[in-house]
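Encoded as C-alpha cells, here's the structure I'll be asking about.
By written order: A, B, C and D. Residues from 1 in each chain.
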Amino acid sequence: MDDTHSAPIDLATIVAGIYEEMKPRLGEGKVADYIPQLARVDPAQFGLAVVTIDGTVHSAGDAAVPFSIQSISKAFTLTLALGKHGESIWRRVGREPSGSAFNSIVQLEAEQGKPRNPFINAGAIAITDLILAGHTPKELIGEILRFLRYLANDDEIVIDRDVAQSEAATGFRNVALANFMRSFGKLDHPAEHVLGVYFHQCAIAMNCIQLARAGLFLANGGTSPLTGHSVVSRQRAKRINALMLTCGHYDGSGDFAYHVGLPGKSGVGGGILAVAPGKASIAVWSPGLNQNGNSLLGSLALEKLASRTGWSVFAG
Amino acid sequence: MDDTHSAPIDLATIVAGIYEEMKPRLGEGKVADYIPQLARVDPAQFGLAVVTIDGTVHSAGDAAVPFSIQSISKAFTLTLALGKHGESIWRRVGREPSGSAFNSIVQLEAEQGKPRNPFINAGAIAITDLILAGHTPKELIGEILRFLRYLANDDEIVIDRDVAQSEAATGFRNVALANFMRSFGKLDHPAEHVLGVYFHQCAIAMNCIQLARAGLFLANGGTSPLTGHSVVSRQRAKRINALMLTCGHYDGSGDFAYHVGLPGKSGVGGGILAVAPGKASIAVWSPGLNQNGNSLLGSLALEKLASRTGWSVFAG
Amino acid sequence: MDDTHSAPIDLATIVAGIYEEMKPRLGEGKVADYIPQLARVDPAQFGLAVVTIDGTVHSAGDAAVPFSIQSISKAFTLTLALGKHGESIWRRVGREPSGSAFNSIVQLEAEQGKPRNPFINAGAIAITDLILAGHTPKELIGEILRFLRYLANDDEIVIDRDVAQSEAATGFRNVALANFMRSFGKLDHPAEHVLGVYFHQCAIAMNCIQLARAGLFLANGGTSPLTGHSVVSRQRAKRINALMLTCGHYDGSGDFAYHVGLPGKSGVGGGILAVAPGKASIAVWSPGLNQNGNSLLGSLALEKLASRTGWSVFAG
Amino acid sequence: MDDTHSAPIDLATIVAGIYEEMKPRLGEGKVADYIPQLARVDPAQFGLAVVTIDGTVHSAGDAAVPFSIQSISKAFTLTLALGKHGESIWRRVGREPSGSAFNSIVQLEAEQGKPRNPFINAGAIAITDLILAGHTPKELIGEILRFLRYLANDDEIVIDRDVAQSEAATGFRNVALANFMRSFGKLDHPAEHVLGVYFHQCAIAMNCIQLARAGLFLANGGTSPLTGHSVVSRQRAKRINALMLTCGHYDGSGDFAYHVGLPGKSGVGGGILAVAPGKASIAVWSPGLNQNGNSLLGSLALEKLASRTGWSVFAG
C-alpha cells in the first residue's frame, strides 16, 4: 500500500520486496558502452542497500558487487571542495540546473567558462581543479580514495585502474570541456593534470553497501553515525542535499524529483546514491540506463522505496 | 540559534523576529516595472504569514495587504490541470528546470514548442490552454478565481482588472510565446483566448494570509485542513511540491533550494508561496526583487524561517 | 561545354536547353504546404526568364505563369527602406548571414530583438516596420505594389488576396517574431499593422518575365534600362547584390553561392530572382523546394545558366 | 572619383593614393594579443600589394614586411584538401556562414561535430585532419609550406617557429575544438597531431607581395599566370572564391561583402587576401583589428580599392 507512512516501516520487507519486483526486469535499459570496461558489465544485475542513521543495513540482490561509481564521485569531491574552500567555490561553478545534457559545452560558452553546477561534467572538472591546489594529481587521487574509505569506514575500496586508463584514452569530450574552461581562464591547472584526477575519481569501485555507508553523513546532518565524526556542518549537509535534488541527475533531475523525491546522484555505471534526510542513506545499482543516462531499474526501485517508506522529502 | 530544531519551535517569536530583522532593509531590491500598476507599489512593504497544518496562523508586517500574485498562480493552474487531465498534461509540457530565464523562447524552438516545465511563462500558458478546453475564457477566469477562494476559504479574493488590462496591453513577449507554440501545433486555442485567461490569473490579488491558506493542501498531503476537503491525492501533492522545488523560481531555483530548502513558487509582484511538507504553508511578500526576479527580502525571510524552524526538506 | 565563356553566348539556346533538361524532372521537390493556396499549385511547372541589360528577354517554359513571390519581396522592400531611410536602417537589422533557419527566433533573443539580416523573416518584418512610418498599412501595401509595377514597367501585377488572407490566418510564427521584436522595443508599429503589410507583400503574384524585369536595375548599376530611371545609386545596387549573395537563401546561402555564384533571393513559392551584375536579371520558378526551402529545379537551372554563360561573379 | 570604372584604371596611382590616405591612421585598431609574438608587432604598419593577372605588381607601404598569415592559411589548406579529396570533403565540413564567432563551439554541438565551413577554426582543423591522411605532421607541415612557395613562386617563405610554439602553448580553445570533434568521431587523427600542423600553418610568415602572388590562381580561373601551372580547375577556383566571400571573415563576412564586395580571407595577424576574379589578387596588411577580428585599415583600404577600380563582384 503505497503513499502512506503512518504504520511503522518494515524496511527488511520493503527492500526484499523491491528486489523481487525488479528480478523479472533484470537486463532492461542500455548499458553505457563508451568504454569497453563498462560495456562488458553483465546488465542482469541489481543491488540495493539501505543504511538507516542508526547504522542498520538492509540489502538485497547484488549489493556486495562492486561497480564503477562514475559521476557519483562528484558528490564527494564537492564535499571535499566545500571543506577546503568553503562558499568561495561558487565563483567557479554555479548552483543551477543546467537544462542540458551532462556533457554539453554550449552553456559553457554562453557563461564564459563557468559551469552551471558541480554535477555536470564541466562543473565536476572545475571542482577537481579547485581541490588540486597544492597537490600533485597522484596525491589528490590518494586523498579522494582515502576520503571515501573514511566515509564508508571500509579500507577495501579501490580504484579500477583499467577503467581510469580507458576513460583517459577516450575521454575526448572531457578533454574538450577542460581546455574550453582553460581558454576562459577558469582552470588553474593543466587540463591533463585535472583530468588525470577526474578519470580516477570516476573509476572508484564500490558496492551498494559501501556507497550507502559513505553517503550516510548527508542523511544525518553532516555527521557519520558510523564513526561519530562530523564530516560537514548541518547547514552544509542540507545544501549538498539540495544540489543533489536540483542537479543530481543531469537533464533528468526534475523527473527524478517528481517520481522519487529524494536528493540523489547517479552515475553512468548504473549506480545511484540517494539520501532520505534524517532517515537513511540508500544506494542502488543496476547497469541498464534510461534515456537520461540514469539507472533504469535503480530509479524505479528508488521510486518504490520512497513511496513505501514515505521518505520523499515532499511528503506531508 | 539557527540550524537546530531539537527544541520546540516558537513560531510566533520566529515570525515576529524575522519581521523585525527585515524592517531596516525595507525597500531593498528592484520593483517590477514592466507595467505601471506594479511599478507604483510602495517598495517598503513586507508581509509574512505562516499557517501550520492545524490551521494556526502566525503573521507579521503587511500580511493583510493584497498584492498581485502573478506567477504564483501557475502553481494553482497546474493543480487544476492535473485534476482535469491527469498525467497526460506532460505530453504538452516538461518537468525539467529550464536553465534559462522565465520568458526565454530559445528552449521552445529547440524542443519544438514544448515548454520545459509548467512554471516558466510558456509552460504556464500551455497549462492554461489545456484547462481552457470546453470553456470560454471568461468562464475559466471565473473558475480559477473560485478555486483560489475555495482553497483559501475566503470569498474576498478578487482579480485586479487594471493589472490584467495593463498586462494584456504590453505583454508582447507572452504573445510571442503563445503564437510560437501555436506555430508548432502545441496550443489548442487562439493565443488571444489563452492569454486573456493568463493575464487575468496573474492579476489575482491576495494577501499573505490568504495565500498561505490557499497553499496549505500542499503541506498536508493534498487535503486542506481548513475545509477537510481533499484537493489532490497525497502522491500528487508530493509531485507538485517537487516541481516547485526544482522549477519554482525560474533560473534561481537551484539557489532557492540551496538557501531555503523548501518547495516554493515566486511571482514578480514580490510574493512567494513556500511549502513545508507536513508542517506549514508560508506566504511572504515584499515588492523589491533580486536579480533572478524573486523577492529579495522574501527569499531572505524564508531562508531564516527554514533555518530557525528546521523545516528545510533537506535537513537530517 | 560548361565553365568556359570565351565564345559569344547564345542565350536563346542556353535558356531553351535548360528548359529541355528540366522537363523530365518536373515535379521534383516538395511544394510549400503551410497554406492551402500554395499547396494546391501544380508542382510540374518550370519557368525561366533572362532579361539582359539591353532589355532583351529570353524565356522558356511557364515564364508567363504568375506565382506568389513570397520572400523575393524582401529584396524590394529593402530597396524601398534604403531609399527612405538610408544606412540608418542598419540600427534595426544586421547584415550578416544568420546561420539558422529563415524563421528561427533563437538569434533574436541572443541579439535583443535585432534580426541578423533583412532577408530572414524577422529582418523583413523589421524592414516593413521601418517603411510603415507615416503610412497606414493599406497605403504602404499600395506603395509596394506600385513600386513593383514601376520596376517591371507592368501595371498588370497584382496581389493575391486569398494568399494574403490565408497567411494572415496561419502565420503564427511571424506573429511570434513580430511580438518578440516588439517586446525588445524593436518594432515601432503594432504587430498586426506590420504583419498586415508583410503578408500582402509576400502575396504579390508575378511571372518570371515580370520579376526579371523588376530586378534589372540591380544588374545595371541601379538604373532600370527599361525606363532609364535611376532606382538606386550604383553603390547601393552593389550593396543590395552583396546582401542577396550572402543572405538571400536562408541557411542555404553558402550553398547557392558555391553552386551558382550569383546574388539571388528565393521565395517558398518556388521563385528565385538572380542578378548577373553588368549582364542580366534572371527569374526562375518551379514550385518544388529543396531541403533549404529554395526551388529545387530553379537552383539547378541557375547553376547551369551561370556555368554556361560564365556569369558567376566568382569566375576569372 | 569613386564608384565609376569607365575610365582606364591607373592602378599605380590608386595603390599609392590609398597608402597616403591610410598613413595618418596608422596604429588604429587593436593588435591581436593572445600570444606575445603577435602582441609585440608594431601596429603602425600598412602594406598593400596588387598583382594583376598579367603578373604586374603594384605595391605600397610595408608590402615587403613579412607577417603571420594566420587564418589566411585556411584558404590554401582548403585548396589542398579539395585537390586531394575532391568534393568528398563536404561530408566533414559545411559550406554555410556560421553566424557566430570564429572560435565558437556551440554550432559544433548542435551539428554533431561537423563545422559550418572551412574558414572557422573548427572547420580548418577538420580540413587539416583530412589532408594529414598518409602523412606525419612534420611531412604535412613541409608540404603546406612548399605549396605556398610554389604558388608564390618564392622559396624565401618560412614558418615562424616562435609563433607556432607559442600558439601550441596557449591554444586551449583550439584543443577544445579538436577534441570536441574527435568525441563525435569527426577527427581521424589525434588532436595533438592535427593541431601540430594547424599551429604551424597559421605561423607561416609572408609579405603582401608574396601573399598576393600566392593567391593569383584564384583570380585567374585556377591557373597561376606566374608559372602557367593549373592549380585547380576553373570551377574549383570559382567555388573557393564563393566560400571566401560568404565565410572568409568570420562573423564579419556579410559586412565585408557589403563594403568591399570581393572574395577574401583575413587573419588575426592583420593580413587579408582578396581576389578580384579576372582582374587581380590583392594582399593588404595592417596589424590593428576591428571588432570582428579583421584588419581595420586593411578592410578600409580594400573598400577604397574595390570602389576605385570597380572590381567589386557586385558592380554592374
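In the analysis below, a residue touches a chain if its C-beta (ideal position, glycine included) is under 8 Å from a C-beta of that chain, and two chains touch if they have at least 3 such contacts.
Just so it is clear, the model here is predicted, and its values are computed rather than measured.
S.K.: In terms of touching chains, how many steps apart are chain A and chain C, taking the shortest path?
M.R.: Contact-graph shortest path, chain A to chain C, evaluates to 2.
S.K.: Using mean CA coordinates as chain centres, what's the chain A-chain B distance in Å?
M.R.: The answer is 31 Å.
S.K.: With centres defined as the mean C-alpha position, give me the chain B-chain C separation in Å.
M.R.: 48
S.K.: Per the centroid of Cα atoms for each chain, what is the distance between chain B and chain D, given in Å?
M.R.: 56
S.K.: Hunt down the residues of chain C that sit against at least two other chains at once, touch-wise.
M.R.: Not one residue of chain C touches more than one other chain, so the list is empty.
S.K.: Report the complete set of touching chain pairs.
M.R.: The list of touching pairs comes to A-B, A-D, B-C, C-D.
S.K.: Please give the residue numbers of chain C that touch chain B in the complex, ascending.
M.R.: 104-106, 108-110, 172-173, 175-180, 182-183, 191
S.K.: Within the complex, which stretch of chain C touches chain D?
M.R.: Touching chain D: residues 2-4, 53, 94-100, 107, 116-117, 218-222, 233-235, 237-239, 241-243, 245-247, 251-255, 257-258, 261, 263, 277-278, 307, 312-316 of chain C.
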